[in-house]
Amino acid sequence: MNGLRYSFAEQRGMLLALAIFIIMFALYLANHPAGFTPNVVQTAANKGVLLALVAMAQTFVVLTAGIDLSVGMIFILANCLASYLLVGTPVTVALGVGGVLLTGLACGALNGLLVIYGRLQPIVITIATGAVFFGIALWIRPYPGSADGFSAELADALTGKVFGVFPASLLFLIALVLLVWLPFRRSVIGRAVYAVGSSEPAAYMSGVPVMRAKFVAYVLSGLFAAMGGLFMTFFTYSGEASLANGNTYTLSSIAAVVLGGVSLFGGRGSAVGAIFGALAFRAIGDLLFVFDFDPLWQPLFQGVVLLLAVSLGSARLFQVRNRLDLFT
Amino acid sequence: MDDEVPLFRMEGVSKRYGGVHALDKADLVVRAGKVHAILGENGAGKSTLIKIMSGVVAPDEGRMMLDGREVSFADPAAANAAGIVCIFQELSLIPDLSVADNIVISNPPTRFGMIDRKAQQAIAREALERAGGGDIHPMELVRNLPLSRRQIVEIAKALARKPRVLILDEATSALTAADVETVFGVLKRLRSEGIALLYISHRMHEITELADDCTVFRNGRKIATYPAGSKTDDEVVQLMIGREYSSVFPPKTSNVDPAATPVLEARNLSWLQRLNGVSITARAGEVVGLGGLDGQGQRELLLALFGVLRGVSGEVLIDGKSRAINGPRKAKAPDIGMALIPEDRKTEGLMLPMSVRDNLSFAAMSQISRAGIVDQRAESAAIDRMIKLLAIKTASPAAAVGSLSGGNQQKVVIAKWLMVGPRIILLNDPTRGIDVGTKQEIYALLRQLAAEGAAIILYSTDYDELIGCCDRVVVLYDGAVKRELVGPEVTEHALIASALNIDLREAVA
Amino acid sequence: MTTDKLDATTPPRPRWTSRIDMPVATAFGCILVLLLIGSLYSPNFLSPEYLLQQLKVGAFLGVIATGMMLVILLGQIDLSVPWAVTLGAMMASAATAYGPMGEIFAIPFGVLCGVLMGLVNGIGVAYLRIPSMIITLAVNAVAQGLMVAYTGGFAPQDSASPAMRYLAAGSVLGVPNAVIVWAITGVVAVFLLGRTTFGRAIYGIGNKEAAAYLSGIPTQRVVMIAFALCGGLAAFGGVLLAGYAGKAAQSMGDAYLLPAIAAVVLGGTSILGGRGNYLGTIAGVILITLLQSILSVMQIAEFGRQIIYGAVIIVMLLLYGREKSGR
Amino acid sequence: EPAIVAGPATDPECHVPWAEDTQFFQFPAKEGPFRVALANGYIANTWRIQMIQTAKAYAAQPDVAALLSEFKVVSTGEDVAAQISAINNFIDSGYDAIVVNAQNPEAFAPVIKRAKEAGIVLVAFDNILDTTDAINVNVDQKGLGELWANWLIKHLPDGGKVLEVRGVAGTSVDTDRHNGIHETLDASGKPFEVFEVVGKWDDGTAQKATADAIAVQGQFDGITAQGGDTGVVQAMIDAGHPFVPFGGETENGFRKFCAAHAAEGLKCSSAGTGPAQVAVAIKTALDALQGKVVPQSVKLPLAIVEDPDFKDGENFYADQSDNFFVGNAFPTCGINFTAQEIMGQTEANQ
């Protein structure tokens, strides 16, 4: 009974994101001309999963009290690479997928090594590595497109519907949560990641493998960003080295993570929260579709809704009775 | 003592930080089944010594032997694996993890590669029980625990690692007498189980009670090792500070006018469930103590007076006039003139990376600036005066405060508030982790300030301090005033009895 | 206490050397190396005209980075710089349309709009305690929305006033006015940070906000004002940019966010707050400006520029951006 | 499922086929009025804002409005995935036609498939789609590059040093224009030395890049820029660079400079296809819905003004903002907005 109370406290951030998402999505569905149909859900799912993957990538690093401004660029690099590698037979496609994921892994590892051994602040170092990753993406894909013989089968399978109703992308995401996130959360290294983010000196003093934890976090971040890039390729059958898009995904991932209750100071929050944060963030954009705004006022509407959503978290301030608690 | 192979031995170990010899060719022998106390004033090198032992800091030279075999530790994990476990002076708990997570942090029980939460809870419960913290829920987040409870968790965490050598660096400095008793019980049992204990404390009576062997350090050098009880307290202190030692507490020469309007009067302060109608007064020239077990609302009372808490009901009168104090800024304004020496100097009192100068002038900005522009000459003068007044030992005012020893850091906190020229001084456990010599200076200073007309409220977890310093002690229990002891009534017996909420007459009878 | 353990330590350094610390010196060293490498490509990189022009162009980034530095010193960040820049530029230009009075007040009006935007950030961070990274992101989106609606919905007057032109593109005795403006901004910033209670408060809050609050510093107000200043300086940068280009345009600020952060950090300011000096930021701005310019002029494919840009920043950070080792 | 029919188009004046072998579509005629959607991507630049304004104004014209029961515009930002989702939503919501300004022209294959299955008319403009299954209102981006290059060849008969200010890297528009310029210059056989900088279609960036290029490289004999041209000229003026022949876009500010400094040597070719092409796209969609024959790929005329034809009040506006794109009337399609009509709207006439 008592234990339940603690579990609930742990999930509060995530539940808030879930609530925001449900409200906005319900509003969206209620006003959608097509209503609650599998197609509408599939569309929302595909778009949401894309950002959710990048937000999960961001989560790993944010949990260590870092920030990764290169996730968007790893995402773009993976997208560009996949537009070349997803060709031919199932075997070659599978190899291609492996290649893309390995690349993401390598990018994350580079970030990790620079942060750990270079002892550099992640926010700056990832600005710089982001430029490098984008440069490579632009190198391999100077203009948008895909390789001849691009194999759409895997793409269609993963962006389509299972049994004609359930979005496959969402299933994929759930599988990732079950097979990667939850085991990670419960593993020793996962706990080390939380410990390092919560208090690095204390973690070090306690014999927590600080460096290994950080490294794993960055590597996983790279891996998930690359999965996002893969999904982008599935979704568009092509790659594009767009700087603007990379930055958009980086910034959206931060917004999603915060909406999802992950603390930017590290050590608190979960990838599941980040997923709901991403879905909620996407739902803000979706609302434009169902409400008839003057097109020129749409960006303002989106900004204001985002502002309101991020301000929601400050409601807890009114409960703070000890002003010193404001600073922790 | 000489014929057995000691469990742990350290020879000629040195460590320099820049120009400072933190440790200079130190030797140490630690035997199984004994409590070895390390004594020394602030900055003597005690923490450095045990950081080297436990793999946190790499020594510049010297060697360490465990069971007669030479060892060296790359990191704390390696030392842990060898059976050397340390409870550090700065807490090493992870605030966002649960108590159970923290207790098993270095070696959690796993099943199929995953952490086994059930097993971990069981381990945590048992360790907490052994450390005297059976009341702490293993799933509670550490950040939600008060400091004294965290200490207990810290001890439980060390026990869960099955140590052969257990090091406690001022592990009891945040604990109250009752908690200390519990912990001592645990330590004595561990000693009987054959564990070697290394115990660092600035509290002499703790060492008297617990230690088998003692080693005194001064300026990074080992001065002497002797069996406990073979020297008097005065001799020991003399070894520590290297000079004649006189009585710790200055005489209580208070000349308070009991008829005068109190400088500070609080009526019926209540806040959440933590303060339940506390009333307290302080007159000019008076040192008022706050007593009671830790966590009975003393900290909250000080914060409430200082305007840090929101939603406090009741009334605060300054010079007999009701004032609404809504924050430190208001509190320190000249017409109120209040200062608070906070509990935790590292997070609430100081900016460690900043210079002594910047820290000192921080609260007194309005005194040393005009129209928002700092008058650097006035600032330097004021700072030099303070450094002299409190004899703060620093290479230069430009040195980072973090590089000073703990005692000197605490002096900086006090000095920074003295620069404001306060009439009301609230002190929250100001001598925690501070050596005898420095304590003495601080007591003298408090007396002097009182003599100059300040009203002082002093909260301390150390009963000796309350007895030695205070004209009057207000004992809190469960957020309310339990008893007020005046003058000669302030005795250890009375303090403990009222702190534990035992009716005094009954206890006497 | 009569012990003398600290008496043997080094005497304090004279004031001026303690200001030029390692990162700043290394940053200026890197600037020289960059110029030397550039001069291998074309000797014109060492010509006074080119260097003055870099200072002039760098002035815009310099003004913007000044505001960013204030916020970073607090341990915060301002991601709303892009549209604060645009807002300043567009509003100043818009004011120009309202007759002679409009022209007189164009620059202050543009800056004021930036200050207001920064104020929203500041209130969010200081009073609502929303992480700066996210509130500024949201405010940026709102500002973008406002500017889009403004451009599309109303008659836009977007050419710079003559005063803006003069400030950004003119010169006095061969020294570009923009450089003078930057220098004045810098002097004010140095004074503000070093000599005023406000500056002390910024460093203090950046180090430990709780301690600053308990010292009676109005921390919330200081944070709010710092963000307002950052918004105002970003907008002022936008005003200068509009003057330089002769007009304001949508998304003219996009190119200034990451360079501003990079410049401040390359200048040795800790992204965690509380540490850094303005000389470093000057060095950082010049470094970034030169690097961008040299890469732009050398005939390298865009992808190569990106890679080199990132790699050079990494190398420079590795040279001197490292934190002290724990052991 | 349009029928592939023989040409010409029902409105051959407006709907010029892209090439000889361009197919002609005839969709089954539907009863109006129609629900039409415009799926825009990024919005925060002048071109896009002007485009949206034009679309609104066009849809509000009485004869067009009569055909429309709903005209919905959604801007989804930089993210192509969001744009694709928006189009999917339009398809699922049963819109009759969708007009799209694609973020990434290569990314729409899955959407095109779905639109086709649903029998929805999909018309792309500006960034055309890489397909023969949707209608493209096509701007010859490469042809634009060729046009600028030919202008330089004409004015620099002996070749020379040319500054090329490029657009946003990684986009097909930038690549096409760049290729057009280079292939033409190379083919001329004259000694052209091209010096590239990146201006990102942005005046400030282009101005800085040009200033740097001039400071380091000295003088150029000719300039071509894909956008941000006002900034490029501004940089020349600031640096005291002599005026030289220039092939550039259609910004009003650029044309102002061209007119003012033509005598000093700023001989301009200002060409492009303004944001008003959205109106052509909407018209094409409406025609297709009504069962009229339309080419799969419509060739948009380029709005070209070359020295010495710059005339104030006609093809540029000296007293108006620098920032909008002029020359976007398409008389052959009956589209005759002037840009200043669009951008000069006041609150009153909204």
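Descriptive notes on the structure:
The chains carry the letters A, B, C and D, assigned in the order they are written, with residues numbered from 1 in each.
Methods note: a residue touches a chain if its C-beta (ideal position, glycine included) is under 8 Å from a C-beta of that chain, and two chains touch if they have at least 3 such contacts.
Not measured: the values here are computed from a predicted model.
Chains touching both subunit A and subunit B: C. In terms of the distance between Cα centroids, subunit B is separated most widely from D.
For the pair subunit A and subunit D, the distance between mean C-alpha positions equals 35 Å.
A separation of 43 Å divides the Cα centre of subunit B from that of subunit C. Rounded to whole angstrom units, the spacing between the C-alpha centres of subunit B and subunit D is 72. With touch defined as above, residues shared between interfaces to two or more other chains in subunit D number as follows: 43-44, 49, 52-53, 169-170. Residue positions of subunit A touching 2 or more other chains: 137-138, 142, 201, 204, 241, 296, 298-299, 323-324, 328.
Subunit C has residues 144, 148, 152-153, 210, 213-214, 302-303, 305 in contact with two or more other chains. The set of touching chain pairs reads A-B, A-C, A-D, B-C, C-D, using the touch definition from the header.
By the touch criterion given at the top, residues 38, 40, 42-44, 49, 52-53, 56, 72-82, 84-86, 88-89, 92-94, 103-110, 130, 168-172, 174-175 of subunit D touch subunit A in their complex. In the complex of the two chains, the subunit C residues touching subunit A come out as 77, 79, 124, 128-131, 133-135, 137-146, 148-149, 152-153, 209-210, 213-214, 258, 261-262, 265-266, 270-272, 301-311, 313-314, 317-318, 321-323, 325-326. Only residues 2-3, 6-7, 9, 183, 186-188, 191, 194-195, 197-199, 201-209, 266-268, 320-324, 328 of subunit A touch subunit B when the two sit together in their complex. Those residues of subunit C that touch subunit B in the shared complex are 1-3, 5-6, 8-13, 18, 195-198, 200-201, 203-204, 207-208, 210-218, 274-275, 327. Subunit A contributes residues 67, 69, 114, 118-121, 123-125, 127-139, 142, 201, 204, 241, 251, 254-255, 258, 264, 296-304, 306-307, 309-311, 313-314, 317, 323-324, 326-328 to its touches with subunit C in the complex.
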